[in-house]
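Just below is one structure, and these are the notes that go with it.
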Amino acid sequence: MQTPELDVSEWFNTDTPLTLGGLRGRVVVIEAFQMLCPGCVLHGIPLVQSIQKTFPEEKVAVIGLHTVFEHHDAMTPVSLKAFLHEYRITFPVGVDRQGVGQLPNTMSRFGMRGTPSLVLLDQSGRIVVHHLGQVSELQLGSEIGSLLTRGAASVTSNPATVNQSEGASGSCNV
Amino acid sequence: MQTPELDVSEWFNTDTPLTLGGLRGRVVVIEAFQMLCPGCVLHGIPLVQSIQKTFPEEKVAVIGLHTVFEHHDAMTPVSLKAFLHEYRITFPVGVDRQGVGQLPNTMSRFGMRGTPSLVLLDQSGRIVVHHLGQVSELQLGSEIGSLLTRGAASVTSNPATVNQSEGASGSCNV
Amino acid sequence: MQTPELDVSEWFNTDTPLTLGGLRGRVVVIEAFQMLCPGCVLHGIPLVQSIQKTFPEEKVAVIGLHTVFEHHDAMTPVSLKAFLHEYRITFPVGVDRQGVGQLPNTMSRFGMRGTPSLVLLDQSGRIVVHHLGQVSELQLGSEIGSLLTRGAASVTSNPATVNQSEGASGSCNV
Amino acid sequence: MQTPELDVSEWFNTDTPLTLGGLRGRVVVIEAFQMLCPGCVLHGIPLVQSIQKTFPEEKVAVIGLHTVFEHHDAMTPVSLKAFLHEYRITFPVGVDRQGVGQLPNTMSRFGMRGTPSLVLLDQSGRIVVHHLGQVSELQLGSEIGSLLTRGAASVTSNPATVNQSEGASGSCNV
């Protein structure tokens, strides 16, 4: 599928709004989360914080996306800001724009089915893989290492694969 | 010290407001937390959920106390309600009433110095111990077992002991 | 049941052989393990090492018992000695004496059904509880705290309770 | 450095002895361990068991190497055999041959400095990286993913990198 663009109503941890188009040339990891989703707090966010530490920023960009699809009044940007501070989250986080339905816009465009969802884009912006729930670090590391080696030039069209981890504790599904 | 009474502006998970006076005859565990405090989410709340499972409710009462002393706008009762739902917290939780200062009233009265704080009361309502930060389950189990054996009748006046756990990750101090 | 005495062929970490009779007046925790039992290495031994740190030695005595009932040639005293060194085990450990059957003598006498097994004795030497497999620290702490409070004098005859933990990973059963 | 060959006195979990030469065309992970080394039991072996599950055997070969350099009498092949059974280790494990010094032969040839040590070879048999102690799964996954993508044909000469993880708990150093 053609990679959709982000639709973000407010950014944290960045002075300028980000677009996927502007990140071409880097591997991109999008971590879609809700601040009150236990699986996001216990697994999803620590995982991408490890990605931040393991890979150089100019090669692998980590973006958080706050995809609120339930308890909208409880997870406002005011609460999110405090959450990011308390959990020491330093990567850019965008608030997924609420649309007319239950799901926010970017979440709908990407066909995400719950949180935490991790989407991996290659250097040319193509979606390589979707993970829903808890992700194996070996598996994800391998996918990133593969992209870093292949480079943007030789990327061939990969159909997106959706892996729904079994036994994921605390994930929140649509 | 004379045990102060709770000052709660709103209760969740109980139809009738609770008082410490009304819990005489039972060991009482008060878990003071903030919903955006990582140490509370990772250690404090799972610990008292284990207490709930391990000891019969008619002998050991578990109460949560939402002692917001920072990021007040981010941790409102609306957000707390969703938090309790998502983390499957079923014990009664009171919102500590905001006073004129930074600290909410009950937190001030008990002299709590941060979150998570755990206060253990014997069956006659006396404070046996204060724990700040991560608590050893063996130690806490021993304190509860001791109270259950001693019973309310023979409880002698214990000066409250404050244990501040070292190396507590994610705790939030005043 | 009348508490049987230990039958030990060799001791480590103590200059003089221990007997349960000689430990009257203290709560006694017997940790029966095999050095190649994963559940013992992952759960049983760390648990009693925590007991050692939490409770004063003059009130709670921790004893290891190497109850080899399988792979006898693989878990000799020579291997056990290196194991104790590498895992920094400092409490006294006795080698349960091999008898004529598969099970060593003390294990048979106590009716243990596998490893790790934890037996808790009160200050008068009576068996309070048997645990097989992974043990809740809150539960065990409570049992110890209760004994410490009750004291030897007032101990009444308790029938031994056997708790076989469900879902214990890595335990080895007879 | 030119990759040395294994020098193994006895194999488990394989009918025919393995050589690194015979594994050309596959990525090879050598896990050097001692059965009584806590860091090996807690981190090293679970890690390579995850590698086994994550990557297809025909692309990534996992080999264990029992590199005993201390407590030789305690970690004999008889004990190792029981250890492999109890910890459900199913990949091939070779016993590193004892030479004239303290260190066994293969360990010396590879310049390993303790256990657990992990050596990663590319499909042409060249050493890509040495890890001593606890290894990041993201990092190792990335290294494997990179090799799988690059393929044997285009592998260029990499100087071996030795990463000694800091704060590795339970590792045993020469």
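Going in written order, the chains are labelled A, B, C and D, and every chain counts its residues from 1.
Please note the rule applied: a residue touches a chain if its C-beta (ideal position, glycine included) is under 8 Å from a C-beta of that chain, and two chains touch if they have at least 3 such contacts.
Small disclaimer: the values here were computed from a predicted structure and weren't measured.
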Label-sorted list of chains bordering both subunit C and subunit D is none
Distance between the CA centroids of subunit A and subunit B (whole Å) is 35
Distance in whole angstrom between the CA centres of subunit A and subunit C is 49
Residues of subunit C that touch two or more other chains sit at none
Among line, ring, star, complete and other, the chain touch graph is ring
Note: in the complex, subunit B contacts subunit C through residues 50-51, 54-55, 136-146, 148-150
Counting only contacts in the complex, subunit B reaches subunit A at residues 36-38, 41-42, 70-71, 73-76, 78-79, 81-83, 85-87, 172
